[in-house]
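The same subunit A turns up in both complexes below, where it pairs with subunit B and then with subunit C.
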Partner chain A sequence: MEEIVKHLTPLLKEITGYIYPNEIELHWGLLIVIYPYLTGLVAGAFILASLVKVFNVKEVQPTYRISLLTALAFLIVAPLPLLAHLGHPERSFEIFLTPNTSSAMAMFGFVYAWYLMAVLLLEIWFDYRRDIILWAEKESGWKKWMHKITSLFSSDISERALRFDRKAAKIITIIGIPSAFLLHGYVGFIFGSVKANPWWSSVLMPIVFLFSAIVSGIALVLLIYMIVTPLRKKNIDMACLNKMATFLFLAMIVDFSLEALDFVHRIYESEESIKILTQLVSGKLFSSLIVVQLLIGMLIPLGAIAAVKIFKWPDELKRLTYFLSAILVQVGIFSTRWNVVIGGQLFSKSFSGLTVYKTTFLGLEGLLVSLGLLLLPFIILYILFYVLPPWEEARAA
Partner chain B sequence: MTDNRKLGENQERSSGRRKFIGGLFASFTSLLVPGFLRADNKSKDVKWIIAGGYSPNDHHWGMGIDISKCIGCGRCVEACKRENNVPLVPFFTRTWIERYRILENGEVLIDSPDAGMKSFKEESTEDNVVRSFFVPKICNQCENPPCVQVCPVGATFQTADGVVLIDSEYCIGCRYCIQACPYGARFLHPETRTAEKCTFCYHRIVKGLAPACVEACPTQARIFGEIKKKASPLVRFLRMNKINVLKPYLNTEPKVFYANLDMEVK
Partner chain C sequence: MACNLNKKSMFVVFARFIIERPMNFNPESFWNKIPEQVKRLAILIVILFALFVVVRTVLVPSDFGEHGHFRASAVEEIASQEIRYAGQEICLDCHDDVVETRRVGFHRDVACEVCHGPAAGHIDDPEEVVLEAPRERGYCPLCHEYLPSRPTGFPQIVSASHNPIKPCISCHDPHDPVPPETPKECAACHATIARTKAISHHVYVDCTRCHEAPEEHRAHPREFRPTKPAAREFCGGCHAKDAPGEKGIPRVDLETHEARYVCWQCHYPHLPEAR
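Right, the complex of A and B next:
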């Protein structure tokens, strides 16, 4: 109690205009920024994987399994920021037991469980099953058991069984695409359906979330692929990289167009909230929205990738451009999430004033925990790479 | 012979399947048990309300606020905080008073220091103020409440008498309801870590008492009562005044009605 008062009292001085007394405490902080960022990466990485299986884009095959494992690693971490931000994390299971059917948020548990159980884990299992069985045969000791358990003690690698595996993986991917759309589009809906908040309330929100998710997912897998491959002393497949960059570029164009549409639409309709939103965008959100999200996270990487496509640059320069662009895209998408979540709470619902957000360093909702949550998926991914090597040469002959 | 054996095998297999499906069904059903147990406990909790002979179905509560009568003394805010165990610090409140000062140049100054609990100080800008008034705010007990719609576990709900309540033993503290409320009426209680808001002093109204803020108001700016019964003072208030509600375009259908509401008030 005293701690909260100590945290909030200095903020009183930084308020401009008038905000309701209960609005001084900003409720969805850094953790809720991280949550859509993580689920976006999951959905995006999965969409990239589906390019191989469903749309038969052969070039990105080397990243297929990396994408699946990346999606899994980030999906495992995705609910943690939500859990950490709850006032009563120990009651979180009530969402499963007594969901309120009219609440968008109540569906979270079901969407999440569906995506984890029915899509990702199943697809990974079917895709890896043959390899795991063969690995287990050659290995000994605890590694053998680890793989035996992950194969769920199946041992049938007859042609018929493998054919079924392939078919199953394909069907799951087909189901997986709308599921990935659902997973992240639904997160967008949680924000987009809040009619009290004009910054959030937009029918475009789910679809903007979705395309920014695809952008961030492709960029992340591109980064992981570009970092891991030289570490394993292998050569980066340029055809794969070029193709990924093309898809990244296309997704960014769609994402940018949607966001531009949303922006133009707001200005053109110029509703009651336009004054306070203009103040917000030209003031407190200027650096994170205009500079970081739009310029650094969108226009510069778009221009850079376009330049690679137009001019015949040497591979070395292409790789550098892709790498730097993908990093900028990550920064940009993170700040997109920030601008939605935090931006939507910086203005008062009285439309008469602006408030501030200051994160703490320690504490469950502090900076340290947030950094930990951003790091954790990579640790899980490292373990997954060890248990289920996604590399082409690791495939059992 | 072989046919018979096949038939037997099939029967065995299908009975196995039936068993499996049965088992599956039973294990999924068992997931609901804690919910039922809790619900049973809950009904004991609410018995104190019904015990006094109060029947929610016989009432429909609302509040009228006459802005021209409010003097901004802040006694309602203090009475509410003391009655409902709300921290006496400025950041959490179930009701508050806003002061509006409209200047000569059309500029509107709004403030609510300490939620208006310690009343308001005169300031040097007073010279060029053309109009000034106080607006008490409170949960609007919407007929169509967005907070109830979004609560993921159903911890916030609308009773038959139209009051929106929160079960603080059930609230998980996700704060979606706080985001969904267009009026800023909700907050997270810093001690219980659950959502809080005005309940029309539900513990008082079931006993036939008025809410604490209504009782504390020295000018009778707040009128509490039945919306539908003809003999109610609130119905008279609604009939005698030009009435408005806050943010009507959001279709939340507030049950807190304002008389003499200025267009600057949001």
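Right, the complex of A and C next:
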């Protein structure tokens, strides 16, 4: 009891208006912000990869495998914030054993498993199979065995078999697009279907999530491509970069329009919650929503990329603009997730008061774990790049 | 005629497809036609699926899902747990005097075990298991400490300033908790209203200016209720255009200002500046 009082007293001083006792402390913290952010990156990176396979956008071919591996690295980490938040990760497999079809959250495990096993791993396997076999032939030691096991000891690299691989990868990508939409749309659905919360409850939520996911995923792969290529002492393919920036720009316009539509719709409907939401947006969320999400994360990068497209800038300036814009987009999309998850819990269901969120540094829900979870995908990606090099010159001749 | 023939020939082709193919089906050639990598993948998928089935068979309790999304035997397990609470009816058997006092007092809806704790052991062996009652100050404020979310009229105190070192039971009988003396201030019970009014422009307007409270309301608040103003003209006493009083009071023309509404449909009298 004393501990609770000690914990809540500093929060109580920051509360404004009237709120119910169980709303003082937020139940979903930083970890739940990270979870949609990570899944969004997965879906976005995969959509970028599908541009090559399904829509035949030749320019972005250099990023095809990078996108797939990025999606995999982030997908592996995506459920970890949930496990850290819920506790008892050793019990998590039980949601697969006894599926609860009436719970959207419980069924997410299957959406996740489908996307990981039936889409991403399969596509990577079919795409890499030939190279893995050829690499294994030339290698020795543990690397040879690892590649042999990864290829499931298959050895057929006849033209017929490779043709089948290409066909299979294409079909999986076609299935993968709605699956990626499902994966991240589902995350939006979980928030959008919370009837009691006017900040979340919106049918537009899944689709807004989806387009922000595409934006963040493209920006992430663009960043990784721009960082990794000079590190490998190679030249950045400007045609590829320009094309990615174009897709990023288009996705941002759709995302911006959808968010604006949602915003205007809320204001025009002016439901009973509008007053508290106005207070929220103009007060506690002002810096993270208006300044970071809208201005820094959306309008400035949009303007910058538009300027690149309109004026004939030299390549160096173009690269710098793309790079900075992609970083701003990442900050902006992280802020979007923050504003949805944290913002949705800052106001009372009585619609007459606001609470405050404070992050701790240590502990499972703290800042340190969160930073670790944001860093982990990059470590996994580094290992994946080592094991399955996505570069063009690494393709076995 | 041609159309009929076409239909007929299509039917024949289809029938052949259905009947002849399975008859000519050669498992060996079918297996050979499957690309090598798909076979390997299929084996992996079959292994994973079999593993899933085995794990599911082993780990999911056999009675799971009999009544719903839970183990049926969990109900029996929970039912077989030791019963710790006795329920308040049985207290009457021995403590009829206390139960009678409580029955007519304000704590009539607070069950005995809320304060005295689980009593099943005491019922089994009254001599050995003796129940205790909380005597320190911390317990009563769990319900009676001031909190804006508590309903108006519910007795609330700020324990830091309410006779700070005295235990609650030295003045209040928990079985019939009437205050030792009748509250002098409305704020003793109407804490939220008093605190709201304290920061409003109505801070200097006494409660009795708007509410007529019969003397009995203090001892029997629910049976004798205070009045509330019923007409627009009451507020007009200060806020009408021609009303006497200080200059700074906001005034309206009662005839033209939202004539179809009573004042407090829009203005909350305890905090009139709130929107």
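Note that in this section the second predicted complex is superposed on the first by the 385 of 397 C-alpha atoms of A that agree within 3 Å, B and C clash if a C-alpha of one lies under 4 Å from a C-alpha of the other, contacts with A are read in each partner's own complex, and residues count from 1 in each chain.
Definition applied: contacts are C-beta pairs under 8 Å (C-beta built on N, C-alpha and C of every residue); 3 or more make two chains touch, one makes a residue touch a chain.
The model shown is predicted, which means the values in this text are computed figures rather than measured ones.
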Given the alignment on subunit A, is it a clash or a fit between subunit B and subunit C?
clash
Can A:N56 be said to touch subunit B (first), subunit C (second), both, or neither?
neither
Applying the document's definition of touch, where does A:R160 land relative to subunit B and subunit C: first, second, both, or neither?
second
Name the contact category of A:S140: first (subunit B only), second (subunit C only), both, or neither.
neither
Residues of subunit A touched: more by subunit B or subunit C?
B
Of the two partner chains, subunit B (first) and subunit C (second), which one does A:P21 touch, if any: first, second, both, or neither?
both
Classify the contacts of A:N235 with the two partner chains as first (subunit B alone), second (subunit C alone), both, or neither.
neither
Check subunit A for residues that touch subunit B in one structure and subunit C in the other, and list them.
18, 20-21, 94, 96-98, 100, 102
In their shared complex, at which residues does subunit A touch subunit C?
18, 20-21, 94, 96-98, 100, 102, 122, 125-126, 129, 152-156, 160-161, 164-165, 168
Within their complex, subunit C touches subunit A through residues 35-38, 40-41, 43-44, 52, 55-56, 59-60, 64-65, 69, 147-149
Going by the contact rule at the top, pick out the subunit A residues touching subunit B in the complex.
1, 4-5, 8, 12, 17-25, 27-28, 82, 85-89, 91-92, 94-100, 102-106, 108, 190, 194-197, 345, 348-353
Of all residues in subunit B, those that touch subunit A in their complex
31-32, 34-35, 38, 87, 89-93, 96, 98, 108-112, 115, 137, 146, 148-155, 170-176, 178-188, 190-194, 250, 266
